[in-house]
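Here chain A shows up in two complexes: once beside chain B, once beside chain C.
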Partner chain A sequence: MKFDIIIIGGGLSGLTAGIALAEAGKDVALVSAGQSTLHFTGGTLDLLGCDEQGNYVQKPLEAIETLNSKHPYKKLENVSSLAGVAKKLLERAGIATTGNETSNHWRITPIGGLMPTWLSMEGMSTVEEPNQMPWRKVALVNIINYLDLPTKFLAAGLREKGVEVDVKTVTLPELKELRQSPTEMRSTNIAKVIENNDLIAKLADEVNGVASEGYDMVLLPAVLGVTNGDKSQQLLKLINAPATYVATLPPSVPGVRMQTLLRKRFNALGGTFFTGDQVVEGIFDGNTLKGVKTAKLEDTVLEADNFILATGSFVSRGLVADYNHVYEPALGVDVDDLGLDRKTWAKIDVTEAQPYMEMGVKTDSELHCLCNGAAVNNLYAAGSILNGHNSIKLLDGAGVDMLTALQVVNNIMK
Partner chain B sequence: MTTQTQTQNVSVNNFEQCLKCSICTVYCPVSAVTPLYPGPKQAGPDGERYRLKNKEFFDEALKMCLNCKRCEVACPNDVHIGDIIQAARIKYSTHKPSLRDMMLANTDFVGTMASPFAPIANPILKLKPMKAVLHGVMKIDKHRTFPDYSSRKFESWFKKEAAPTQDQYSKHVSYFHGCYVNYNYPQLGKDFVKVMNAVGYGVHLLEKEKCCGVALIANGMPKQAKRQGKVNMNSMRKAIAQGHPILTTSSTCTFTMRDEYDHLLGIDNHDVRDSLSLATRFLFQLIEKGEIKLAFNEDYHKRVAYHSACHMERMGWVPYSTRMLRMIPGIDFVMLESQCCGISGTYGFKKENYERSQAIGKGLFDQIDEVNPDCVATDCETCKWQVEMSTGVPVMNPISIIAEALDVETTRKLNNLD
Partner chain C sequence: MTKENNNHYDVIVIGGGITGAGTARDCAMRGLKVLLVERHDLSTGATGRNHGLMHSGARYAVTDHESATECIRENMILRKIARHCVEETDGLFITLPEDDLKFQSLFVQKCGEAGISAEIIDPQLAKVMEPAVNPNLIGAVKVPDASVDPFRLTMANVLDAQLHGAETLIYHEVIDVLIEQNRVIGVKLRNNHNGETINAYASVTINAAGIWGTLIAKMAGVKINMFPAKGSLLIFGHRVNHMVINRCRKPANADILVPDDAVCVIGTTSDRVPIETCDDMRVTPEEVEVLLAEGMKLAPSLGTTRILRAYAGVRPLVASDDDPSGRSISRGIVTLDHEKRDGLAGFITITGGKMMTYRLMAEEVTNLACEKLGLTKKCETATTPLPGSEPKEETKKYSFSQKAAQGRHGTLNESVDRGDVSSDALVCECEGVSVGEVRYAVTKLHVHNLINLRRRTRVGMGTCQGELCACRAAGVMCSDDKGAQKAINDLSGFMNERWKGMQPVAWGDNLAEAQLTAKIYQGLLGVDRLANERRVEYYEI
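After this line comes the complex of A and B, so read on.
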């Protein structure tokens, strides 16, 4: 089966590249082995939250200048302009965001911390200054029996920052019914119950009932609007006090919504999506990738002029570690294991920066993958599969995913 | 040694690969509409840990699973969640199939009985009193209309009208038509013969064909499914020995025989599997290789919305059908968001499942209303019943659309047949 471009990986990076290429009129196919880690993200996208010394970053563009030369951002022609392109691409997919690349704002984590971030989906709770909380008194309103919002941590975190917090709970008969299966009282199932306008209005009444007066902000778990943002916005409008959402534990409704809207956009542009399939082999001719084989298509070879490898890191099986090696399982391209001995891949203290996080596939300056040391002239890598950065330490995951994808698109379109 | 330990340490249906990430729960169409179903994570890998310790932990609520496999498609770690649930039902369920379940599951038997009486059976099955009896006594929901039984089975038509001319072709395929084509909708089989003949392939039936067994598995009759499956595999082996690929026009039959026989029913299909394919996939591959060409009528126009049937999605073969359809110049193609229609074979016919079935499909029906197509295309026959009943929009198999748009005369010439 022949396409202009084949993208391996259906997460943030793969979909960003897929949408940008389809918008440019290309015939694009995307092969995705299961759903992506977007399902664990909290409705915000980070560009660079910390520098290499571990200090929080307010001006990401300036801090990017100080990163070491191995960082994937060093292979981007213009970080600032690509960041602007990324924001607009999200907007065209129906994902409205606040924030920009010149200055970070701060997101509230599910356990009550503050972290610098680049873009936040509409309705998510954020603050401009970490040391200056804009609220004196907050109502934290959870749904009864919903366990994936750790309210005690959240409240404690906010109180530490000098905010007065009242924890309240609400419910509806429809939500009580959902509780019949205790394991299924999950964010996305709640979102599917609170679908119609009547229920949203009733839920707003309940929230207004417990947080009637004297609150500068009402914080709610982000459990509304899987397929689009309308329902979640509607609830906020019906609440008397200013109200915003905090991210919950997975599955994250804003994360699923982002995935859904990006995939819809890709489909609407005529992209072909191979769902639940896995690339198992690359067919190379010298330094050119001719095609890929997948588990499900068996003898059908997927051919293209250019290929993008965006399968993510260890958690997404883009990289695999066995007892002795780290390798890239789809095409077998070169992996940078930092030359480390097996015993030093990880540090015992989980809160320390883990060396394996910086492992990834090797690329040349134009993000071509390497195979046995030589660049493959039509195979690019994008996103968290790239070596040279630790997204947990630097808080740069979404930025690397989107911006390297857009750079690869530019390199292909040249 | 270490490598061996790692590569061989794979649990049945990959269940130990579950990271507890909960992504599958987002895509379960059943738990989205009822809290009584424990959802794929709990019903699948989580519950399996308990069931392995004590069979008392088996929960009959697992019968609510549609076996749509959307949890498996979503799973980033290749855990065969749906298989774990189906295997648990086969192993632990003490629920005995009722007369209704047996009737719904035995598509062969009921079809054989109904076909000769089709002119009487069809109108009777539509009568309100009959529906009331079915609803009250048999627990088959009164909202459902049985698909019409054809008064002439596909096999009878084929033997009389098509078989005599098939040997004139130089290349040949065997056709597993399935119960639906045989008893309910022979037109799809006729369309298949028309397309295959136009590109130079003679069509043959298998020596013996039995229902693939998907409805038997779903209704708790795995032993009968296994007997039937063995008959099918043996017939297919004979066809393969003659050099015939075996083609189908049903995604579910294909999926069951390729991907469920071995590990759910214990039927050895390894020597048959590769030769068994869906017609759209077979045609697409031939076109790609340049071995056949298709020509379409210039005045053909249709707005077609494609619905990805669950098992088609699980096989990963949706793009074969959609790219075939997009080859037809007169088609205004719309891809529907992939989601379950809710019927799941015999599931939606049961009184206790009707409301749930319609709630599951609602999102799809709304999408179809919005797109307003001339027809919906899908590779599954039971999706066809459900979508037609619920939206009023006609539903066609891609092969029927290809047959309708095909310029047979030009196609035959392009393939050097005339």
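After this line comes the complex of A and C, so read on.
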């Protein structure tokens, strides 16, 4: 089988590249193991939330200038324009967002903190200024028995910022089924139960019943709309007061929805999606990657003119650390292990910057992967698999995923 | 406790490990008025940092006949009185090609002399009985080893002590021993949560503080020659073996693999360490290497099994008084009557020994205390079941989490609220801990924070090491706005405490899991940013 481009990895980065290339008329195949770390996010995307000193950033574009030269953003030709392209790409996939790259806004974390972010999915609760809450009195309405929205922390966090908060709970008889087995009372299961319009209307009635008047914001757990945003928007419209969603503990319904919509968009554009499969071998000819073999397709070689490696970091198994070394398991390209041996990969204090976070594959200035020190001329890397940045400390994960993917697309299209 | 006349006891027991808990129980059952004090949480020291092995005594049969006979006797007693803390797994002592098979016959003979049933079995049969065992074994002996949950066992002893009128003060540290005219009359305690100090008085003060007993003795002006021996262990992410696997040779490093609950534990190393380091034991990369290499000889599949965490405890070994060099260190029980030994009345130290023989240690020291107090009531701890291990009722039909709680609390499981929507909600999927069980632990089992909760219910001990359950449990435990900040600090500390055990083994799936946890707790929730206090116990103990 032959394609123009084969993308390895079906997370935010791989799908961004896949959609952009398919929109440009390319014949694209994507090989995905199936999971994405979007499931562990909160319906928001970060570009750069912190500088290297750990201070929150208000103007990400300015702060990006101050990052050290190893950071993947330093390989982007124009951060600002790529960020704009990313936002529009999401929009065409049915993912409407608020926010822009010139100024961060603030998302509410599930335990009541405020953290800077770049784009928030429509309906998510955000504020413009961390020191100036836009609400006087808020109703925080949770579903009875749903433990993944820690309402006590959330309420305490908001009260500390001067907001009056009433915590309320609602339920629907239809959720009784889920409660029979306590392991089932999780966000994505709730979303699957509350799918039809009647139930959404009933839930809205319940919410209106407990938050009838006097509230200038009703906050709800983001547990509606796995497959598309319509259901979650519909509920908000039926609530008498202004209403928005707060992110929950994983799995994140907005995150799953984003993944689903991106994949739908890729399919609609004619992309080929090999799901539940993984690349196990690359067939190289000198400095060119000819094709890849996957676990499921056995002897079939998938060939392409260009390849993009977007399999993520350790958590996604894009990088693997064994007892003695760190390697990239799909193609065996060069990994930057910072020159450290195992004893120094991780620091004793969990809140310190962990060295392993900055490990990743090595690339040249055009994001080509290296193999035995030499650039592979048709193999690029994008997203969290790249070395040189700590996405937990810098809050730049989604930005690196999307923007490096778009830069790779530009490099391929040149 | 602030009024001077309310705080006089017959006995003060120092140390909330298994020895102190067992001693408090025995004293209380003999009718004494007892105060048990512990500077941190119950089972914080060596009690919570061992294999969870219920020795048959076979390990000591060749080298230490006395310990071996004590072990098998106590082994049989614990099966009866602590049924809900024990899993009757049996154990194998295997001989590998590199070992001397001649040792096996000596071993079996010595086991027989100590009263331990030791049956030589065909290596082929051993492979059938325990498929995880090294297939190259050339000899196998079956013995009555078992596994025991030390957290549960300690809690059960404390609960029974309380049922017999004992008082318990955890997070109360002895900062001085009060002495009047060559007699210990009590202790000065500091509340480690708020810094307040109080005095408590007793006719007899029993020092059961494990390795830290040497520091207590120093406060009383007496010297005990202790040899802190660090033992490191590794926990694996699932239960590879279902029988205890030992090496049939003289005791050495990393030659015991114990199945505990849903995991298994390999250990230990043994190295003398300075007493000052005992509050912050960390496992070194070299120890990890030894444990893995030796562990794979017992069960080769350990090499491909995820390691959940590494931890270390300190054995309170004592050298006899006439041997300051420490060459003749025994693992036997040491009861020091300081009145006879040092001319200091009202003060006894119980140390040495093993978790296995805690009940016997308690009996010995309680006998001595009773003698000093002129009491003759006999010890009944060997025949009275612990709370949770009373005779079985009819088996009811239980859900997953109810069964899990039944395993943890035995018959006390009846005290866990259930049947309503809010109590049945599941906090921890790995270990099946419900909201009701969390509430029960908070009200009945001395739970002040997430680490206490982990020791009582296993929250956060499963394969995810607290990925989501820690946050859920913190939410359940938190009471009001003021409590919320405290709970977030607690959550942050708990994640660091979990990391302390993961960091020495941070590769493979463990590193991937650590990255996910960091993504959730720091990236999504921002716990590290919201926490404003770091409690030392999460970082050092």
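Just so it is clear, the second predicted complex is superposed on the first by the 414 of 414 C-alpha atoms of A that agree within 3 Å, B and C clash if a C-alpha of one lies under 4 Å from a C-alpha of the other, contacts with A are read in each partner's own complex, and residues count from 1 in each chain.
Keep in mind that, in the parts below, a contact is a pair of C-beta atoms (placed from the backbone, for glycine too) under 8 Å apart; a residue touches a chain by one contact, two chains touch by 3 or more.
As the structure is a computational prediction, the values presented were derived from the model and not from experiment.
By the touch criterion defined above, A:D322 lies against chain B and chain C together after alignment on the C-alpha atoms of chain A.
Judged by the touch definition given at the top, the superposed model places A:N68 against neither chain B nor chain C. In the superposition on chain A, contact is made by A:G276 with chain B only, not with chain C. By the touch criterion stated above, A:R179 is placed in contact with chain B and with chain C alike.
In the superposition on chain A, A:F40 contacts both chain B and chain C.
In the superposition on chain A, A:P250 makes contact with both chain B and chain C. Of the two partner chains placed by superposition, only chain B is touched by A:T188; chain C is not.
Legend: residue contacts after superposition of the two complexes on their common chain; A:I144 is shown touching chain C, with no touch to chain B.
Look at A:T294: by the touch rule set out above, it reaches chain B but stays clear of chain C. Common to the chain B and chain C contact sets on chain A are residues 37, 40, 179, 183, 250, 317, 322-323.
Every residue of chain A that touches chain B in the complex is listed here, in rising order: 1-2, 29, 33-37, 39-40, 177-181, 183-184, 186, 188-189, 192, 226, 250-251, 256, 264, 267, 272-278, 294-300, 316-317, 322-324.
Those residues of chain A whose C-beta lies close enough to touch chain C in the complex are 37, 40-42, 109-113, 115, 144-145, 147-148, 150-153, 155-157, 159-160, 179, 182-183, 185, 247, 249-250, 313-315, 317, 320-323, 342-343, 345-351, 354, 356-357, 391-392, 395, 397. Those residues of chain B whose C-beta lies close enough to touch chain A in the complex are 2-3, 6, 21-23, 25-27, 31-33, 35-39, 41-42, 46, 72-78, 274, 281, 284-285, 288, 313-320, 322-323, 335, 337-338.
Within the complex formed with chain A, the residues of chain C that make contact are 282, 285, 399-401, 421-422, 424-427, 429, 434-435, 468, 471-472, 474-476, 478, 480-481, 483-485, 487-488, 492, 495-496, 499-500, 503, 506-508, 511-516, 518-520, 522-530, 539.
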